[in-house]
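Going in written order, the chains are labelled A, B, C and D, and every chain counts its residues from 1.
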Amino acid sequence: MIGAGRMGTNLARRLMRAGHECVVYDADPEAVSQVETYGALGAASIADMVGKLHAPRVVWAMVPAALTGSVVDELATELTPGDVVIDGGNSYYRDTVTRAAELAERGIDYVDAGTSGGVFGLERGFCLMVGGKEDVVARLDPVFRALAPGVDAARRTPGSAAEPATEEHGYLHCGPAGAGHFVKMVHNGIEYGQMAALAEGLAILRKADIGVAERESSAESAPLGDAEFYRYDFDIPAIAEVWRRGSVISSWLLDLTAAALRADPELAEFSGHVSDSGEGRWTVQAAVDEGVPAYVLTAALFERFSSRKEGDYADKALSAMRKAFGGHVELPAND
Amino acid sequence: MIGAGRMGTNLARRLMRAGHECVVYDADPEAVSQVETYGALGAASIADMVGKLHAPRVVWAMVPAALTGSVVDELATELTPGDVVIDGGNSYYRDTVTRAAELAERGIDYVDAGTSGGVFGLERGFCLMVGGKEDVVARLDPVFRALAPGVDAARRTPGSAAEPATEEHGYLHCGPAGAGHFVKMVHNGIEYGQMAALAEGLAILRKADIGVAERESSAESAPLGDAEFYRYDFDIPAIAEVWRRGSVISSWLLDLTAAALRADPELAEFSGHVSDSGEGRWTVQAAVDEGVPAYVLTAALFERFSSRKEGDYADKALSAMRKAFGGHVELPAND
Amino acid sequence: MIGAGRMGTNLARRLMRAGHECVVYDADPEAVSQVETYGALGAASIADMVGKLHAPRVVWAMVPAALTGSVVDELATELTPGDVVIDGGNSYYRDTVTRAAELAERGIDYVDAGTSGGVFGLERGFCLMVGGKEDVVARLDPVFRALAPGVDAARRTPGSAAEPATEEHGYLHCGPAGAGHFVKMVHNGIEYGQMAALAEGLAILRKADIGVAERESSAESAPLGDAEFYRYDFDIPAIAEVWRRGSVISSWLLDLTAAALRADPELAEFSGHVSDSGEGRWTVQAAVDEGVPAYVLTAALFERFSSRKEGDYADKALSAMRKAFGGHVELPAND
Amino acid sequence: MIGAGRMGTNLARRLMRAGHECVVYDADPEAVSQVETYGALGAASIADMVGKLHAPRVVWAMVPAALTGSVVDELATELTPGDVVIDGGNSYYRDTVTRAAELAERGIDYVDAGTSGGVFGLERGFCLMVGGKEDVVARLDPVFRALAPGVDAARRTPGSAAEPATEEHGYLHCGPAGAGHFVKMVHNGIEYGQMAALAEGLAILRKADIGVAERESSAESAPLGDAEFYRYDFDIPAIAEVWRRGSVISSWLLDLTAAALRADPELAEFSGHVSDSGEGRWTVQAAVDEGVPAYVLTAALFERFSSRKEGDYADKALSAMRKAFGGHVELPAND
């Protein structure tokens, strides 16, 4: 295991719980020490880690997408033919295709394993979307099965075969190199969309009391014609909670949101600058390349950009136009 | 219970399972007979139904939003002061506010109970979002509790009180008249958004093989520069299945989608004309009134309009403009 | 003329230039004095203004939408049967329908005249979209013709009749009461969309140098894979200028934008809080009511909401979810 | 001139009107013959064309983006150091960067000239957005000046210098290789957005009579609550015409749209399958790479995808979900 951050540590721990032995390396020696307390063997460098493994080795890289390239380059020089590298990070699937081809020239197999589950994966299991050569992926089956949540994690879908398929355990060989990262990419794109849908809905509930406040009217702002219909003072944490049982929108994201709202109903600890880590962008680019309309996934991505004030120049341009044609002067914020 | 469709029947059955007695009326006598087989007492008219109940009566109306008005009007003439009407349908919350005020003049209480759960509610329980006067809603507690899924339907949220609140049972008094329907409206708006996010993602996976096909190039179509990266032939039912366990997007909607895809992987039985039943529209209008950006919820609604070819005039106008400025001639569909 | 703001003053001046006499009232006596310098007769109150006109009177109200109601109410008590009120403001067309019906009961005609042209209308003429009864609108023809830009303001459309129709002069009787404001509403909706399209494009040009800057990589941000393709330092005022001649997007809005950018290339005088004055909202609501997909017009409206930070609660909810499932910690703004 | 389609022919004619001599080649000999009637010297092949020019040659390639690569490859073998290739087509700016570097190795200069103006460019002039080396672009000044519309094509922007800059003539050196195509790409992205804004608005006007028709109500469709406000039967060609004079949205696109609507008010000749030729897609990808929210430009692109029914699988997935959770059965199209 290369990388002992939130994800790497939990992957290693879950593997060890299933009886696998793990050697762990991280650029941060503190992180390595931490994982050693869970029973892993620490390594001081990639070379050290490789030396502590017996061929044919299986190395799982769990590092930020921006670092995967250099890690894989270093691995390429240390590993020997027959070894396998698993990239569990959020790599761009095109990079994966390229890396798999490069390692194949050295006789090293490359497997991409899109990994979902977040910080809860240790207990809940990880959902694994795998790409790579059929036989290599088959050989790794015990690894994936140990990490996956298992069949009991959800009610079986009606019409399933008696013997559960791997996808019912929570892992799936999706296709050749890059297929796992492609599916993980789309998974995250959907995640962005579902998060945004929920967040927008909560924001609409939150402002349902707008009719209570007095509003000054001017040529610069629309009168709220129906103030009497916007006088609800909703208990948003309670609403998130009630939706968790029996509603069509019950989901794990909602469970987490309800918990976050219970802990901090005003969400006061957050500034609202929402990062994006690449997969939402790549999903949009895939939609554009394929010619598939993806209004929702794209809007969800752009809302993250907007949250970081990336659209400010456009906003200023709008103000400049309004001043130019109508003499409109900007009102102060939150008019 | 007025209305013995999918929802009304299941509500009545779940109430009867909990020991409540139900009188059921539906404009369709067949539907009434059907519910009688589950132990309900059938009624031949609204007046008949009212006559078979003892005051103070509780009448649950579960009819399409477009019919609620006339049903309530008729109820208003049959019921007596102290009776309660519960509107469990997808009514526009503003209509609810108006109706509650009208019935109040006759001494009849009006409670709105936004009801989610679909055809699975009988077994799974219904999620209930309730609006109305405090004391009236409190008196109806046994009804709502019988219908709701109950605390065990989901893991309790960390930090909850020892004694579960009603929202943890799956029902919540959200506020005064209309509050229940407002919250249900936003719930459905979110539902539209989450459905669209998932559907768009599946469509992107579906077309990930676009690079395999030959494409002719012309000034009218963009060349696919990266055909080699779009050669995946994904097993979409298996992917929906794998996401059900351990992933961040696991949800009840995904469970249902996985089941639908298993039964019909090509979704060949559907034409793709997606209806909308009002709540998505009202959610957008609330967002607009409140000044809350709701890109995702709105796009999800518009995609339903588009699916029904409601945007065709705009499309034709685009083609007309392209012809006008560039001499572009339309290609046949699905170029 | 009631209202001597930017628009009212210019309307009166253009009417007077065409030989019409104008009595002008404004709540602000300074504004009235100003218009008197252009030759208008000032009035101290609505009653005073009415008294200074000969029946049958024609009163043009040019006030913010939020004030139109009270102005019309006062006019209703002062005017006499046979008089005409023209509402040239950005009123909601539904209010217009209601007001027209109310004034009709008193024998007063009500005409809605959606007015576009902004502060340049004095020289350029005003585009007028008129609703009301056929004969009344016909009687007002000299007024509309005086205000409109005239046939020479644009090249005639091929295939037009020898005798120019009124729409070729720049005014059009669109239909019964409210029709003018409906068309003006949609006009402004389109305006929002076209402004947003231009603003977004400029913002993309503006950030085309993003590849020059160093960017730190982390799990919280996507690496910019193609930095070498984002090293353009564009002269945005010059680009806006070049598009004005010969390009498909040449337009009056572009002319104004080019002028604004020349005066202030950084748009430093603007904070980017963009107001909206109702018509964009009503356009979206009409689209939703009609079931017409209007992705672009709606997104343009929501961008204005976003510019005013109205989406902050949703953003915070996203950050809360990311922290909950992935332990992600918010980066500072503009990461 | 390579390419004697709509654009290439008009470019050659406009150059010849300004006194330049042109040798024209097109894969279609008919097209070449046609241009010869305007005074050009025809060529039977690229080699033939090159042979008919004196070094240092200037070759303008005006071919579909998908063919530019092979044309440039052939040119590379035929031309000699000091020659210049101008790519006037809608090439992806990244390809331009690559091609410029490749030709530079052979001593051939490469200039990208994004060209807007459509079929009207012959009379109206072409708007030219140019990328390439400073000295090479400067040497080509007479070519660009001959093609551009000239200063008189629009009123000069206030504050401009006495001596008009090139952008005031309608051409601009935007930056190094690819800069011209980048700016043209964004130009077309804006064009998509402005076209969509106008088209959506017209569609809203078109359906403003929806309240006249009877509508059946069911649980599957939203009742139209406000039918009385949707009874306008608008004359859309007249409305497009009236907006041409004095309104804020007057533009060249509107001029063309008004002409198209006059010729065919129902737009009956169009099926509404709207092509996209690459630049809209690349604009979205640039926005995503830069992290700039571009809701409007993206929605406009996706509407073109939708118009070609590319979203059908997603629509079917929505129908499948609705059936799964609610037992909803699809209504026939255009319900």
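The rule is short, and it goes like this: a residue touches a chain if its C-beta (ideal position, glycine included) is under 8 Å from a C-beta of that chain, and two chains touch if they have at least 3 such contacts.
Quantities reported herein were computed from a predicted structural model and do not represent experimental measurements.
Participant: State the chain with the largest centre-to-centre distance from chain A, centres being mean CA positions.
Facilitator: That would be chain C.
Participant: With contacts counted as defined, which of the two, A-B or A-C, has more C-beta pairs across the interface?
Facilitator: A-B
Participant: Whole-Å distance, chain A centre to chain B centre, using C-alpha means?
Facilitator: 28
Participant: With centres defined as the mean C-alpha position, give me the chain A-chain D separation in Å.
Facilitator: 37
Participant: How many Å are there between the centre of chain A and the centre of chain C, using C-alpha atoms for each centre?
Facilitator: Here chain A and chain C have centroids separated by 42 Å.
Participant: Counting only residues that touch at least 2 other chains, which ones in chain B make the list?
Facilitator: 118, 196, 198, 200, 203, 207, 248, 252-253, 259, 281, 289, 291-295, 299, 302-303, 306, 308, 310-311, 314, 325-326
Participant: With chains as vertices joined when they touch, what's the shape: line, ring, star, complete or other?
Facilitator: Basically all the chains touch each other, so complete.
Participant: Would you mind writing out the residues of chain C in touch with chain D in their complex?
Facilitator: The contact residues of chain C facing chain D are 93-94, 97, 116-118, 121, 124-129, 148-151, 153-155, 157-160, 165-172, 174-176, 178-179, 182-183, 186-187, 189-194, 196-198, 200-201, 203-205, 207-208, 210, 224-226, 228-230, 232-235, 238-239, 241-255, 258-259, 262-263, 283, 286-287, 289-297, 299-300, 302-303, 306.
Participant: Under the definition above, what is the set of chain B residues touching chain D in their complex?
Facilitator: 5-6, 64-67, 90, 92, 118-120, 195-196, 198-200, 202-203, 206-207, 217-223, 225, 252-253, 256-257, 259-261, 264, 267, 270-278, 281, 295, 299, 303-304, 306-328, 330-335
Participant: Residue numbers of chain A touching chain D in their complex, please.
Facilitator: That would be residues 248, 281, 284-285, 288-289, 291-295, 298-299, 301-303, 305-306, 308, 310-311, 314, 325-326 of chain A.
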